[in-house]
Structure formats: structure tokens, C-alpha cells
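Each of the two complexes below includes chain A, the first together with chain B, the second together with chain C.
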Partner chain A sequence: MCTQHRKSFLISIAACFILAGSAFGQGELRFCLRSEPKTFEPLKVEDEASATIRYLTGGVLVRMNRQTQALEPELAQSWKVSKDGKQIIFKLRSGISFSDGTPFSAEDVAYTVQQLMDPALHSPTGDAFRSGPGNVETKIISPTQISITFPAPVAGLDHQFDQVAIMSAHSPKKEMAVLGPFMVDDYKPGASLLLKRNPNYWKTDEQGRHLPYIDSIRLDIQPNRDVEMLRFKRNELDLINTLDSEYFDKLGAISPQLVHDAGPSLDSEQMWFNEVAKSPLPAYKKAWFRSEAFRRAISEAINREDLSRVVFRGHAQPAVGPVSPANKFWFNAKLKPESYSPDTALKALQAEGFRMENGTLKDKDGNAVVFSIITNSGNKYRERMATMIQDDLQKIGVHVNVVTLDFPSLIERMTQSFDYEAILLGLTNVGLDPNEQMNVWLSSSDNHQWNPSEKAPETAWEAEIDKLMREQASSADPKKRKEAFDRVQEIVFEEAPFIYLVNRNALSAVAANVQGASPVILVPQTYWNVERISLK
Partner chain B sequence: MRIGRATTWRGAACAVLLLVAGVSLAANWIAPEGYAKQYREAADAPPSHAHWLGTDEIGRDRFARVLYGTRISLLLAPAAALLSTLMAALIGGLSGYLGGAWSRAAMAVTDLFLSLPWLFLLITVRAVLPLNVSPLFSVLVTFLILGLLGWTSAARVLCATSATLRDSDFVRQARASGIGAVRLFWMHVLPNLKPVLYAQFWISIPAFILSEANLGILGLGVAEPMPSWGSLLKELEGLVSVGEEPWKLVPLILLAIVVTSFQFVLARQEEAAA
Partner chain C sequence: MLRGVIAKRIAQLGIVRHGLALIATVLLGGLLSAVLVRFAPGFDSDEQELDLHLNSQSIQALRQARLDQHNIFHFYLHSLNRAAHGDLGTSISLGQPVTTLLRQRIPLTVRLVGLGLATAWLLALGLALSAAWIRIAAYDALNTFLSGIFLCLPAAVLALLSVLWRVPAALVIASIVFPQLYRYARNLLAQGYASPHIITARAKGIAELRILFWHVIPVAAPELLAVAGISVSLAVGTAIPVEALCGLAGIGHLAWQAALARDLPLLMNITILVTLVTLLANSTADVIGKALRGHEA
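Here is the complex of A and B:
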């Protein structure tokens, strides 16, 4: 009898442990990838789906906390960047193994960095480190200490390692041996991907429990957002990482506790005029588009508040410039969004020789101010914004024709033939550092959209931007870099080569059974702390 | 009894078409604020006294847009149908009458057109058109393209009918009596093609309405802010919302009613042709 009681007691204790464990330990998190991952090799990642896999499986030396935007130690216990911004020394954690049991050491870091900088591999992640000609030098000081020296200063050097998943130099499983919280277990092309918990993951929580809490993650490949939404409503998915404002409101009306608006994201919507000298536009239109007064007047005549409130149902903020207010450090807080003032805009245009005749604005040579805005067909938010801008500009006598084109045709006009007048598109920013925008602001760049690949800066303000961007890129002093980039933002505001419209909010949905998710504005919004997410 | 019921249905279909056309033509009086006015404070609003079918996502009165969109689709689809039928008569009818190499060449061209991937062709045509065109011009261009590309099936039917007529006794007799080829075609062949031409014309109208609607959904065709049934149907893209907002289905229901009415009228034309 006594023995039976003891058995029951032990069984009860064991059951309690299992139940307590189940609050954290079991379960499968399910969400969607919007496209097929192109690669599992972390250094070759350039698409969103592959970046998701890298985030969930890759172990990094340092990680930017998506909530505080501060850099935190991961595989590196500590690190030090030299004053000239060329060298970084990492002190690594010991006793860590890859998912297949291969021990982790400084050799793996050296191997990863060499691969990263190998011109033959042409790693998109490595581009951020290529600041000058020459080779990178890696010096293994001890199994837990490594020094990496770049040929030229790399701005925000330590931050760049947030994207570098460390690969094993010795594992036979190559890139499938990982240091992150999960590892790829099963992949059904076109259908789904199953990630299993990495049994050798090194992290524990404050109570000493091994992370991650959940056993597995099922990623269904589903490009259709309607289907994704329906499946979420049917409890077949636990997360929607980025939600449209329309769906956000509809879902929020039924279950307000499931939707999250984290505020303005890094993404911006903007329009710009064609300022390419060799474009096949008539000379008088080129003169309008190259005039700072014209661009500013158009910018002032656009009601950004309405765009945010109507098109994005209040889930967007009027944009100021190339940096979203969400980017806490780099945003120039002195700048405010262009105020809506059609009267001021009209006066400014009249001061430039434009005049109003029977409701139509004409330039000093009598040409009616008419231009087209192209946007990509199928993007209902951009189509709506263009239609609202058309209506706004009508008030100052400017006639706008809205044209929707398929994306390849639009890109061809934007980058090859330059046969367009104005374009409305969005920019997705993933990183916080201004260096991520180098390819947009340098006048020699292909992505300097309003006037790409200039042989020499065609205007004084573009020359100043070039100088400031290079200055900030070659400096290791965050204060100096900030000053230079603040000035860039001021010039962009004054000259309006891009007319920034809105910053969309980061909207997401998290099912009621998910615990510990705390959506933020930075990618990946809902599962940035995946190792601490659990399921009820 | 069956004939009487069919006549009633045709009468009803004609009445519906006349009513829809009449109301859409009176859009300026029924909805004087127009289709482009944006009531931004009442965007995506449900039906109300001020907006009978609510407003669209940027606050435009949906009822006004349905009226004006119906006018555009109902006026221009018959115009495009007329153009395509005339082209079919010219290419199909004439080649069938001339026969031999003419017929083979015309049918080869027709088959080539039939084999073209329409969607990609239309996307390409749109991409090479000038960008800076007014919304009205975009409407005309859209239906012109539909008319210029939509003659092929009708041309095949007309070619076969015309070939049959060419070998008929009365044509042979007319030819033997010394009537010239042009006069023979104009006076004897073409009048006998009329029933087929009518039928092809009526068939083309709903087909072009649906084609424009498809183009509108793809973001091609009629430019903003001008409405068409295609652009109105784009609102139905978010399938999740349809059940919750049934008033958004009105353009779809109207399109279905109009196309069905055309089919009833068409049946009468086919009977007349027979």
C-alpha cells in the first residue's frame, strides 16, 4: 500500500514536471514564407525567405536587439573596434557546438570571414564589408579570440556582423550545421519547410532552461496574402509577420488582441521626377523636373496626412525623408514632414513664372503642366496614393495621369530607357545604418534613381551629398557620422529629389496561443525573439 | 407556350438593357458630383443616405462610379464590337468569297492571331503606348485595342459562310449573267452575311465587356480616376471582405445581369439569322 502511494506520488511529480515543461517545451510554431527560399547558404542570402531561414538557424557573433536597437553579445562575449574602424577583435564563448556536434572555435569565424570576403562567392552580405581594395586579414589569437582587419575602415563595423551567420570550417554537413536556435529538418520545395530545435543550442533562460522553448517551426510557402489571412483566422497559422492595413482593421474588428501596430516602420513610399539629362522628355518638362522650386511646390501640394489616414487607414505616418523616425539613432529629429499647403505651393510656382489659366497651370512658355505618375500594377495602396495625389495636384492646376505598368516594364523605363516623368514606388529598408543607403545617394550609383550613374555630380547639392556620405562611411566616430548624415537628410528635404510620402506602420498578427511574442518595427517583426516564444 | 415564355424573357432582357443604359446615360443628373470627387472623411463607408452604395477606399461615391462606369462599358463595348465585326466581315467575308490562296492566306493570319497569347500581347501593347495620355484617351485606346484584336473568331465563321455562298446557285447564276466581282460581293454576298454579322456583333459585346473587366483587374485598361466595370470589380480582389460587405458585389451583379440580358437578346438574333 505504502509502495503504491509512493509510486502514485512519483508519477504525479513526473506528470507535474511534464506539464510544467509543456508550458514551454512542446509545440510547433506555424507561419508563412511569402516565397521559396533561394538558398540555405547564409552567406548567399539576398531574398526575404532565405533571410528568414538564416535568422532562425544562424548563430551570429553579435545581434542587434530588435526592440532596443542596441547591439548585444551572442557567440562573442565581447568585442572591440579599433579607432580607425578597420579592425575588430572578438572574444568568443567557449564550450559551444554546432547542431551536428562539431565544436565551435575561432577557426570557424576565420573561415566564415574568408568565405564572406571571397570575390568568387560574391556574398551579398559581404558587400557591406567591402569598403576598399585589398584583402581581409584574420588572425586567430587563441581558440576563443580572433582579430579581423579590413583594408579600409568599415562604418558601423560591429553592427554589420548581425547579418553574418557563422559557418563550420570542419563539419561534413557544411551549411546545414548551424549555431542558431533551429536547424532545417525537412524541406518540401513549393510547399513547406520544417525547422527543428537545435539540440546543441547554447543559450539558457534565467531559470536555466534550455532555449528555444518551442520544438519546431513549420514554414508554409504561401505567396497569397488572402489565403494566409484565412488560414490565420482558422487557427492554422500562429503569426503573420507583415499585415496589410486593410486586413489589420478587419482582423482587429473581430479580435483586437491578435493584431499589433508597432508604429512607423523603416519602409517608405516616395515619388520622384525624372531628372536624367538624356531622357526622351521635352526640354520644358526637363526644366520643370530639374527645378528645386517645382519639386518642393509639388511636395507641398500633397496631403500626406490624408494619404496616411485614408490609404493606410491611419496605419502610416507622413514621411520626412530617407530615414524613418523608427530609426532612433540616425533620424534627424529637427526635420518635420512637409506641411500641406496648396496655396503656398501655387504662390511658389507663380514666383517661378507659372500661371493659372482656366484651372490649368501653365509655365512661362504657355505649356500646360501635365505629367504622368507610373506605379506598379497590382499594388492597390500605391494606385490609391497616386489617385489621391492626382486629386491634390488638380487643386493647383496640375494635371496628373496615373499609369499602372507591370513591374518589368516599369523597371525598364526607370533604369534603361528613362522614358518616364514621375514614378511612385516604395523602399524597403532592412538595416538602420546609413551605409545601407550608399547606393541610393552617391551620384555615381545605378540606384541614384532620379538621375543614375552621373559621371560627376550634376548639381552642387549632389556633390555635397556625395562628400557627406563618403565622410560618414569612412569615419568610425558615431557622432561625426551622425552629423554628416543629418546634413544629408536636410539637403534631401530642401532639394526634394525624392518626395517622401509616408512611412508605413509595422503591422502584424499573433495568435492567442503564442506567448512571449512582442512585435517590433524591425525585421523580423514578430519572431525576433523566437527562442523565447512559447505556445499555450 | 414555350415560344411565348422565351419572348417574355427577351422582352425583359431588352427592358433591363434599356433601363441600365438609360440610367447610366442620365448619370450627370442622378449623380451630379461626379465619379472622381473624393469624400476623404468618409472613405470605405457603408451604404448611407448620402452614398447609396457606400464609398470606395479613397472616399469616392460607389453609386456614381457604377453609373459612370456602366456608361463607359456599355457605350464603348458595342463600338469595339462594331469595329471587330466590320474587320471580320472584311477579312473573313472577302477572303471566303475570293477563295483559293486569298482564303488560305487570310485564315493563316487569323490562326496566327488566334494563337497569340492575348494577355501578354495586351501588356506589351500597353507598355509601348505613350504614358502621358488622358483617362478618356486611355478608355478609347483600351476599347480600340479590344476591337482591333477581337475579330479573329468571327472572321473564321464569316469566311466559311462566305465560301458556302460563293458556291451557291444564285451567286453562280449572277456571275454567269456577267455581274462584276465587286458588285456581286456587295449586292449579293454581303446581304446574305448580315444575320451572321449581327450574331457576331451581339456575341462580341459581352465578350468585350468581360475583357475590359479582366484588363481592369490586371491594372491595364481604363486609367484613374475614370471608372469602368473592370476597375470597379478590382474592389473584389480581397475575397475575405466580400461576405462582410455585400454592397461591393453590385458591379459584379450588374455585369452578370447585363451579360445575361445580352445573351437573351442574342438568342433572338440567332433565331432571326436561322
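Here is the complex of A and C:
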């Protein structure tokens, strides 16, 4: 009898372990990368696919919680930023090892920072820290404490470390020794990538179970979105990180529980006019495009509600400015999207000397207002938006030609030949901090797209934006920074160098067998909490 | 004595001439592709320039990296010199040595093209032989109709259907190559069977297999060999859209990526490779064809 009881007890225990094992610690999560990762070296990451690998394999000192948008400790137990915003001191966790067993210490952090800040590396992650000339100093206070001093204040300094995956100073495996939840196990170039659970990952859940729950992640390289959708429907994939609105509705009609609309994302769609003085455009067109009244009138004549409703099937919101309402702290809530008013737009243009003749708007010299909007071919949403804008502007007598070009040709016109009149493109915002957009707003920057690399600000409002952006970047006081950036948003709204159109919603799909996924607006939308995702 | 015979035979078959023509064409093909990419719109741009994190120095460094490709003749000669030492340069868009990329992707394309070609030839010869043998008008019309349908379908449509119906991509290549082969083979065999000596042989009751292997195939073989050379070019050309649309990591997929990114070193080397393969196939078919004709004579 006693033996029978013991047997039953042992069987029950075994069953519990099997059940626990089936809920946690088993299975393979599958999703697609849209392109081949260019590198596995976390400091050299510049493309989306490599950033995904970095997120899944890299261990960081601090991590921004994609749901609460708050910074949380990871490899660093705590940290302190100096008042002048130049120095940060990290207190590190002890007893942590890289995936190959090499112990982690402050020496690895110093090594990573020195590598990252090497000017010859031309790392986008490193460039984000480069706020002034001079060298970065790292001082190892103890094996678990390090101070990093930058030559000039770096705004949002602690937040920047969310992107810095720590590398081992001593491991012979170099970048393949990682501190994140997964490590690269197998790579089939151009086809797929297999990530395996890092056996030395330091985190545990509230019940003391080792994270991550899943054993492996299979990333198939699949640029074709139709094929990705097809495979998701066949249960060959578990996640689609960013879903088009068309697919969202199609999939939602079949299984509404699989699709998730997290609301407006940080990304915006916008158009702008060529304001480059040396561009090969006729002088009268340059005069239109450099006129604030002309740009505002065009902006007012575009029906953003229709763009959201028709092009994005309601999965987008009219945009206000450079910051999406999804960015809770930095968004200037006083601003509202430009209201659609073709009559007001026409009146404003007439006040500037434009006149309507037989349904065509002409400037004071009799030139018909005609311009072309270029967008990238193959992007059906932008092509549709451009066509709708064409219709809207026809109502005020402005004739628009829509031209689609492949991306390299478009970039060449935009950044080198300046042979364009207006461009419609999108801006992908990965981070929340305004410093992420520093290179857009500074008039001297190459990415100041309507008029790049100005030797000195060509307008008073650009000079004011330069001043405000530098002020907010050099301040460690969030309130002061917010005030300065609010004013930047107001100026951008008033002057309309970019005509913001819509903020697309963050749409994603999660298969029914995936547990613990909670899609958010920030990248990576569906797997931001990958270590806590499990499979049924 | 033997050496003299071999040298005479080589001269007869024009192997040296073929070899020289092949080298010249490959070099010219490489140069032409390099010129095309160099003067394509968007050659000087890099998508990475739009990365908002990059400062001016990094953007300038990106532009500088393309500067050494501006003088295309200098770049081409430099590339040939490096290639002679086993270095094919580095891909701009993928950041990896071209040699590594080619080594990783060639096996898949070889498998895909090989399987596709084998299936296409089996299908085409099988149907052509059976049509020539059976000689029923309805059967012939059905085969012609079937091959006509495949002839009309673009490679991209077939590739997408293969993804949808989970059909192996090699079958897409076979579907593109088969109709061309079938029509040519059918006409050749029909012509062969219509020749007076075959009609006489059939009338005398000689076995069909003997007629086929002794009288029909040997006559059609040189022409079929020429088609074999062309079918290789056709299959390699089809592999590009098929691999790109089916997401298969072969040379075709790589060529597509390189073209979109204006990746001069990668695209130039792929063009040279593809030109070399197709020319080799055609020249080999040509030489064997000549040898067969010589043997018959």
C-alpha cells in the first residue's frame, strides 16, 4: 500500500514537472526578418534585422520597458547621471557570465564603450553619444562599478544605453559571447537564423524559474510580406511584428483574436518641399516652396482624416508634428492636427498674390502652380496617399504629378542632386527622446531634409530651432528640455517645413499558441518581453 | 604522333577559339555590367544615409566608400587584378566578402537549376518522343496546348503559385524551360521520323526502338545539344525571379538584392559568373555537337 502511495506520489511529481515543462521551457518561437542581418557585431548595427538579433541576444546595462516607457535596471543594478549630464556611474550585478562562461565585469563595459566610441567605427549607436569633440573616459572603480565620462553633456544619457549590448573584453568567441536571453546557434545565410536559449542567462521569474521560457527562436529571412502572411496563416509562423492595415483587416476578419492594434505608433508619414537654394528648380518654384504661407496652405488643403480612413482603413491617426501622441512625455498636447480647409487655404494663397484662373492656381507672375510629389515605388500606401493628395490639391487649383522611384534613385535626388519638388516619405522613430531627431532639426545636419547642410541657418525660425535643440540637448533637467522641445514642435507646426500627414498604428499578429505576448507601439512590438513569452 | 592528332582535333573543334571568345565575352560582360550599375540612377546613394543617428562624419565616410568606384575603368582593372589573387572584393550592401557570399549561395542555385533542368528535359523529351511515336493528332495537340500555357505564364506568377501551393521551386524552373524544349524537340523528332529512310525502315518492319536510337536520335543530337546549352542560360535567368519571389537564398536572390542596392562589386561578380556558366554551357554544347557531326561524317 505504502509502495503504491509512493509510486502515485512520484508519478504525480513527474507529471507536474512534465506539465511545467510544457508550459515553460519548451518550444520554438518562429517569426520573420524582413532582410538579411548585415552584422552580428552589436556595436555596428545599422539595419533592422541586425537590431532584432541585438535585442534578442545582447545584454544591456539598462532597458526601457516598452510598455511603461520607463527605464529599468538590467546588468546594472543602479546608475547615477551627473547634474551636468556628462558622467554616468553604473553599479553592476555580480556573478553574471557570458554565454560561453566568461565572467562579466566592469572591464567588459569599459571595453564596449571604448569600442563603441571609436570614430573609425562610424556606428549609429556610437554617434548618438557624440555630442561634442573629445574622448570618452572610462574609469573602473571596482569590478562591479564603473564611471563613464563624456566630453560634452549627452541628453537622456541613461536611455541611450538601452541600445548598447555589452561585449566581452576577454572571450575568444568575441561578439558571439552574449549576455542576453538567446545566442546565435545556427545561421544559414540568406535563409534563416536559429537562436538558442543562453544557458548562462542571469534572470529568473517571480517563481525562481530561469528565463527565457522558450528554448529557441527561428528567424526566417523573408522580405516578401505576402509570403510572410501566407506562412502565418498556415501556422508556420508565430508572430508578425508589423502588419499592414490591409492584412490586418483580412486576418482580423478570419480570427480577430490574432490581430492587435496598439494605437498610433511613433512613426509618421510626411511630405516636404525642396527648399535647397542650389537645387536645379526654377526660381519661381523655389519662391513658392520657401514661402511659409504656401506650405501652410498646402498643409491645410490636405484631408488627413480621409488619408487615415481610406488609405490605412482607419488604422492611422492624423499627425500633428514630429512627435507622435504615443510619445506621452515629449508630445506637445497643445497642438492639434491641421484642420482640413481648402477654402482657408485658397484665401491664404490669394493673400500671397496667387489667383485662380479657369480652375488653375497661378502665382503673381502667371505661372501655373504645378509640382510633382516623389515617393518610393512599391509602397502602395504612399502611392495611394500621394494620389489622394493630388485630388485634394486639385480642389484649390494646384496640379500635382505623382512620381514613384526606386529607393536608391529617390535618396540620390533627396541627398545629392536635389532634383525634386516634393517628397512623400515616412520617418521611423525608434526612440522616444528628442535627441533621436537631432540630426533632422539642426540646420547644419545632412538629414535636415528640406534644406540639408546649411552653413548658417537660412531663416530665423531655423536658427531658433537650432538654439532650442542645443539647449535641450545640453540640459539634464527634463522640465527645461520639455519646454524647449515643445517650442520646437510649435515652430515646426507654424512653419511646416515637413507637412505631417498621419501616424500609422502599430499593428501586429500573434498566433494563438503564443502566451505572454503583449504587443506595444515601441519596437520590437510583439517580442519586447521575449524572455517571458511561452508557447502552448 | 598522338599529340599531333589531339592538336589537330582541338584545332578542328575550335576549342582554342571558343576559349578565347569565352574569356573576351566574360570580361566584356563584366565591364558592361559594371558600367550599367555605375551609371544607374541612385548609384551614389546609400539608404543608410537616412539613419538619424549618423553624424556628418559618418555620412561622409559612407559617401567616401563609393568614391573609389567612380572611375569605372580604374575600378574594373583594379577588381580584375584583385580577382587574379583570389579576392573578389566586399559587398557594399551586405558588408561581406563577395567570395564568401558566392560560396554560400552557389550550392542552392546549382541544385535548383540542376533539378529544374533535369525535370524539364525529362518532361520535354518524354512528351516529344511519345508524340512522335504515337502520332495521334489529339495527343499532339494536347501536348502543344499544355506547353503553350506554360509558355504564356510569367516566371513571377509561377513562382508565387509555387509558394501558395507549396510546390518545389525547381518545378517552376522546369515549367519555364520545358515548353521551349518540348517544342524544339518535338519538331526535330517529327522531322526525323518524316525523313524517307525512316519511313522505309518502318515499312520494312524494323523495331521502333532501333529506329529511334540508331536513326532518329543521332540525327537530332547535335541540334538537341545546342538547345541544351541554351536551356542552361534560360534556367539560370529564371532562377533570379524564382529565388527572389520564393525567398530562396541562392545566386538569383543575391543578384536581386545587389541590383536593388546598386552593389557594384557584388553585381559585377555575379554577372561574370552567370556569363561564364552560360557561355561554358553553350560552348561545350557547341564543341560536342561539332565532334558528333565530325564523327558522323
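Here is the rule we use: the second predicted complex is superposed on the first by the 525 of 536 C-alpha atoms of A that agree within 3 Å, B and C clash if a C-alpha of one lies under 4 Å from a C-alpha of the other, contacts with A are read in each partner's own complex, and residues count from 1 in each chain.
In this section, contacts are C-beta pairs under 8 Å (C-beta built on N, C-alpha and C of every residue); 3 or more make two chains touch, one makes a residue touch a chain.
In this text the structure is predicted, and so the values were computed from the model without any measurement.
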Will chain C clash with chain B on chain A after the two structures are superposed, or do they fit?
-> fit
May I ask for the angle at the C-alpha centre of chain A between those of chain B and chain C, rounded to a multiple of 10 degrees?
-> 40
Check whether A:Asp406 is in contact with chain B, with chain C, with both or with neither, and answer first, second, both or neither.
-> both
Counting only touches as set out at the top, which of chain B and chain C does A:Pro280 meet: first, second, both, neither?
-> neither
After lining up the shared chain so the two structures overlap, which partner does A:Phe371 touch, if you call chain B first and chain C second: first, second, both or neither?
-> first
Does the superposition put A:Glu246 against chain B (first), chain C (second), both, or neither?
-> first
A:Pro124 contacts which: chain B (first), chain C (second), both, neither?
-> second
Partner chain(s) touched by A:Pro478 [first = chain B, second = chain C, both, neither] = neither
Mind working out whether A:Leu230 is in touch with chain B, chain C, both or neither, as first, second, both or neither?
-> both
Can A:Glu421 be said to touch chain B (first), chain C (second), both, or neither?
-> first
Looking at the overlay, does A:Thr387 come into contact with chain B only (first), chain C only (second), both, or neither?
-> first
State whether chain B or chain C is in contact with more residues of chain A in the superposed arrangement.
-> C
Once the two complexes are aligned on their shared chain, state how close chain B comes to chain C by Cα atoms, in whole Å.
-> 6
Overlap the chain B and chain C contact sets on chain A and report the shared residues.
-> 226, 230, 405-406, 409
Show which residues of chain A lie in contact with chain B when the two form their complex.
-> 226, 229-230, 246-247, 250, 306, 309-311, 313, 370-372, 374, 377-378, 380, 383-384, 386-388, 390-391, 399, 401-406, 409, 419-421
Of all residues in chain A, those that touch chain C in their complex = 36, 38-39, 46-47, 119, 122-125, 127-128, 130, 188-191, 220-224, 226-227, 230, 405-412, 415-416, 427, 436-440, 444-447, 453
Interfacial residue positions of chain B with respect to chain A in the complex | 36, 38, 40, 43-44, 57-59, 123, 126-127, 131-135, 138, 218-220, 223-225, 234, 237-241, 244
Chain A contact footprint on chain C (complex, rising order) = 40-59, 61-62, 93-95, 101, 104-105, 160, 163-164, 245-250, 253-254, 257, 260-262
